[in-house]
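Have a look at this one.
Labels run A, B, C and D following the written order; every chain starts at residue 1.
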Amino acid sequence: MKVAILAATGSVGQRFVQLLEGHPWFEVSVLAASERSVGKKYSEACHWLLDTPMPDKVKDIVVVDCKPENMGGAGFVFSCLPGELAGPVEEEMAKAGYPVISKASGNRLKEDVPLIVSEVNSEHLGLIEVQRKKYGRKGFISTDPNCSTAPLVMCLKPLMKYGIKRVHVATMQALSGAGYLGVASMDAVGNVVPYIGGEEEKIETEALKMLGTLKGGKVENAPIVVSASCNRVPVIDGHTESVFVEFAQDVSVEQILKEWEAFEGEPQKLKLPSAHKAIVYRTEPNRPQPRLDVMEGKGMSTVVGRLRKDGPNRIKFTCLSHNTIRGAAGNGILHAELLKAKGVLG
Amino acid sequence: MKVAILAATGSVGQRFVQLLEGHPWFEVSVLAASERSVGKKYSEACHWLLDTPMPDKVKDIVVVDCKPENMGGAGFVFSCLPGELAGPVEEEMAKAGYPVISKASGNRLKEDVPLIVSEVNSEHLGLIEVQRKKYGRKGFISTDPNCSTAPLVMCLKPLMKYGIKRVHVATMQALSGAGYLGVASMDAVGNVVPYIGGEEEKIETEALKMLGTLKGGKVENAPIVVSASCNRVPVIDGHTESVFVEFAQDVSVEQILKEWEAFEGEPQKLKLPSAHKAIVYRTEPNRPQPRLDVMEGKGMSTVVGRLRKDGPNRIKFTCLSHNTIRGAAGNGILHAELLKAKGVLG
Amino acid sequence: MKVAILAATGSVGQRFVQLLEGHPWFEVSVLAASERSVGKKYSEACHWLLDTPMPDKVKDIVVVDCKPENMGGAGFVFSCLPGELAGPVEEEMAKAGYPVISKASGNRLKEDVPLIVSEVNSEHLGLIEVQRKKYGRKGFISTDPNCSTAPLVMCLKPLMKYGIKRVHVATMQALSGAGYLGVASMDAVGNVVPYIGGEEEKIETEALKMLGTLKGGKVENAPIVVSASCNRVPVIDGHTESVFVEFAQDVSVEQILKEWEAFEGEPQKLKLPSAHKAIVYRTEPNRPQPRLDVMEGKGMSTVVGRLRKDGPNRIKFTCLSHNTIRGAAGNGILHAELLKAKGVLG
Amino acid sequence: MKVAILAATGSVGQRFVQLLEGHPWFEVSVLAASERSVGKKYSEACHWLLDTPMPDKVKDIVVVDCKPENMGGAGFVFSCLPGELAGPVEEEMAKAGYPVISKASGNRLKEDVPLIVSEVNSEHLGLIEVQRKKYGRKGFISTDPNCSTAPLVMCLKPLMKYGIKRVHVATMQALSGAGYLGVASMDAVGNVVPYIGGEEEKIETEALKMLGTLKGGKVENAPIVVSASCNRVPVIDGHTESVFVEFAQDVSVEQILKEWEAFEGEPQKLKLPSAHKAIVYRTEPNRPQPRLDVMEGKGMSTVVGRLRKDGPNRIKFTCLSHNTIRGAAGNGILHAELLKAKGVLG
């Protein structure tokens, strides 16, 4: 199945191109970007920033404008468009009949748009049918969450049965999450910046939707409170999070470890090409660490450690996830594989 | 007044030497260290690691053993001894009549030993009289807290009147806190280590004592719960902390800002030489940052930012403090100045 | 004497403002910048990036346009304008009668413009008289070198008597040299970038002029060859350089150490306010290091170490210098002090 | 063929274990280490520090003492012993009939011991026959060079025909080269250390031997002078080197690029499993960079860039190589493959 990528020259776009090299089901056939790049070969338009070489197959693809008529025979479209642009462009694509799997934040909280971590809430894909009916079209928009929300909901999902009431999370986020020019080196070397614009709000709202329940064509938010404090640290890839959870009841460390160990979602059951163990728990006291653990499960696993009781009804732990793989391109590809496996892509 | 420093060649000992250069009241006269250094000049025994030159006055001081008979005419003793050693050596010094101001953790939680951040709980110095009576000696031990506890209690103290119930704190701590050989560079560069041995326990217990009340010759712990998750980040100096606070009642951002702005302790009232503004609030959204703010108030101020409501009865904020100045040597010197000003050192 | 600063909101401009706080001779009275900042108070126009607070005295100065009529009663002008803009603006200032001390690269190699490290080639200030006569005006332009050239010529100057033939230098330059937005954090953390645009050419030409001889109103370049290879490393402040020197004759390590120890220029002889020991030699095998040595002599000294023979007629060594103090604002201020002391500023 | 690794728990030993996973010819069967580890399973004895998981096959191997009687049926032995220990232990192994491929520095310069980068001087393996005859035994010692020497000789070898006279090289070396505990984080973060003990001497002597000629059972050193200045920079993996070369004749950039492009050695001709393109030239002005290029050719290629003329008869360039792969374990494995392919291992 042929695939188009919007904003293909950016840092998330590059990850899509990298991860789709040699993919058993999908083949990159259309690379779209902004005017500056249109008409150039991808190898010329793109300032490649990954530590593996640009795949030969894409080098000569001529970059096109982000318009439906340029999508060729693509079976669907990955969108990595920046927030402001994403809305109208993705809407146009959907109108023109294309399934759009979007990393953009603009549509994530729309009532009829799924917001998906495939292991966590694949049943929310039911919203696609809602969209199709509502607008009378084959195309649709389905979204991926913010990179720091993904590992959090992965850890919380298997614990929902114990009645999560409140979550405090302090993040230590990698530089790549801000894009190549996102953080100045003077702010990064030997420093911590205790602020990432819009990030806390995303975690605090997106988590509730993803942990919510699809009922009558709508997602009802999970009745929990999430409070985030986000920090940028001098790490290239890998968001680390210190998490504190309050439950409605007491729950032991052993119960939680069992839940995490047993946790798998549709991707694992369907043995999707990009499915890896969802949660990998490290027992060493000083793990997970970005340098050592970020590539666990080819960057798709959430690595967890330091689970400990925090008084009655409470626990705390640390989790880590690759922000441009699990938190972006890898999540999108798994999302697409799931749609394909379930026959939603046609 | 002449001053002795125990473990003077270590990283905290060096800070004491640096900060005492040109001090108006105190003069370094005795430098004690382990056997390896005894008999050498300080300039030869000490692998100086600070970015200002070793003061000329101390270069030729011959390092002595940590024994009372070597303390010369010192009016009191700063101890930076490591935990295991500190107990017996400090006890000997006190027995021999020396006031000991100790950075070591071993004695901090003892019933009759003050644990002091001078702005926060100077009234706890009343325990010194308890000690003197109990043991019938002039010498005593008074202690400084862990480097990550100091900024936390500074921020919380002026808010105690609103009924603090629970505090969650995730720390991002500097490398210097672990000493010169404490963290391997392979673990530090581009990485986060989500664990610091013993640190969380220290924060969770010391804060309660310092925020507690001296009654009938004893400190009654504050009736609050503190839960910490400690991380090491690649920063040289400056611990940053994401703090979440739950109160018994609602409290506005404006009220808290007023409390912090107005907050001063005995050091400020007495205009002690090392007293600076206790809490400096930065209104920029992305502050405090270690690189820019750690030297605020010559490293003695706690820099706070990002105060925001976190639902009813709750707030969150970020604070920063210099871990080897406010969190160690600077806190000890202010502690000594306070004792001197109150006539406790004689 | 009142002083104006052009491009006062940039990173070098900020250093000027910082270093001139409390200066015994000079007082910042005019702050000029680009249109975006004009009309705003300096405290509002400037994104202050230094680790000491913005001086109170400048906070309320209203930023003006870089035009001669706005220079008020300034006795001279410091220019930190970017290369392209510097030429015409500085020319206008000189025409209007202002002495301009410029950090910009555009005028450095002009025949009648001095390029000054005050300890190295103060006699080149004779070119000012040449300018004044040639153009019949009181105003003039005198320039400061590139930040990585300054320490190199400082080390080489006292060795010129041994007949330097060829110099190879590999630099490891700090991030602040590129300005706040100059290097992306993704390129800086855990990385080396082996290229700095235009830097090698600057070192290779500027050094020859500064080590050259003023004869008949012209500077004759020193008859040496300098070859540079420039690298960016993850250091905030401080350029480190590995230097290899070939002489026309043999010269011993002892001779060189003597020359460096004895080296002083007019600033030291005149006891100028910003004069510090020109060259500080560290005997430890692993020095100089940016973290420990960059502030030597308040950032004005060049710190040297690791001097060793490199076969007959050859030596090698390592030097370090603060790139935004000695390599920029500090050099400019010393330059101005020298002009003032010699009566050139009137 | 079964393989033993001496000092298997150290950082180079771990790389051998990692790189030998799934090797088509070799299988790790014996893991030897110091007394502390003997008797424990490898998974318990080894503090694994690589970012891929420990291979399952080695986890349960019980660590043995570094004695010949423990080498089981190993066809040969990789030694990563530290300098002081390596000499006698490797000698014992050779006496007992084992071929030893050693990363240790102690034997590198011995007259009858090959020092090998397989693409550069495979003919020096002829010394093995010299050893066998001299000592009348099947076992032998063959060595790998220092990690910063390997990329240098790779770049210089194809240029020897132009009459290299003198080489100046300034290195910027990664932290992993010093081992896990080799560099304190306080010296690494935001810093450069301009010294690595013994490193410069190794480069200056080893390069001459490797570029020398085997004649009459001896290696005659190349008649060139190499001068090194070594620096430690905050990079995890990858040594970057600024190289200046003086030739006996003029040589153009085009000629050199042709030589590098065409360069291949026996490993490439024999299509050995670990052979990759020896030299990869990057044309971008700001490459090679450790973050982006260190894994080129699975860490076995030397990545070169910035070639430019440096006056008549001179050039300069930058090269990069993975110090624990090409500079250590990978070089050793290729070395072993070459010996196997040539029938030297029996």
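Things worth noting here:
In this section, contacts are C-beta pairs under 8 Å (C-beta built on N, C-alpha and C of every residue); 3 or more make two chains touch, one makes a residue touch a chain.
Model, not experiment: these values are computed from the prediction.
The set of chains in contact with chain C as well as chain D comprises A, B. Seen from the C-alpha centroid of chain D, the farthest chain centroid is that of B. Chain centres here are Cα means. That of chain A falls 48 Å from that of chain C.
One finds 42 Å separating the Cα centroids of chain A and chain B.
Chain contacts: chain B has residues 49, 186-187, 189-190, 234-236, 291 touching two or more partner chains.
Residue ranges of chain A in contact with chain D, taken from their complex: 49-53, 189-190, 236, 291-296.
Those residues of chain D that touch chain C in the shared complex are 168, 170, 172, 186-187, 190-195, 197, 225, 227, 229, 231, 233-236, 240, 242, 244, 285-291, 305-306, 310-311, 314, 316, 318. Residues 49, 175-176, 180-190, 234-236 of chain B touch chain D in their complex.
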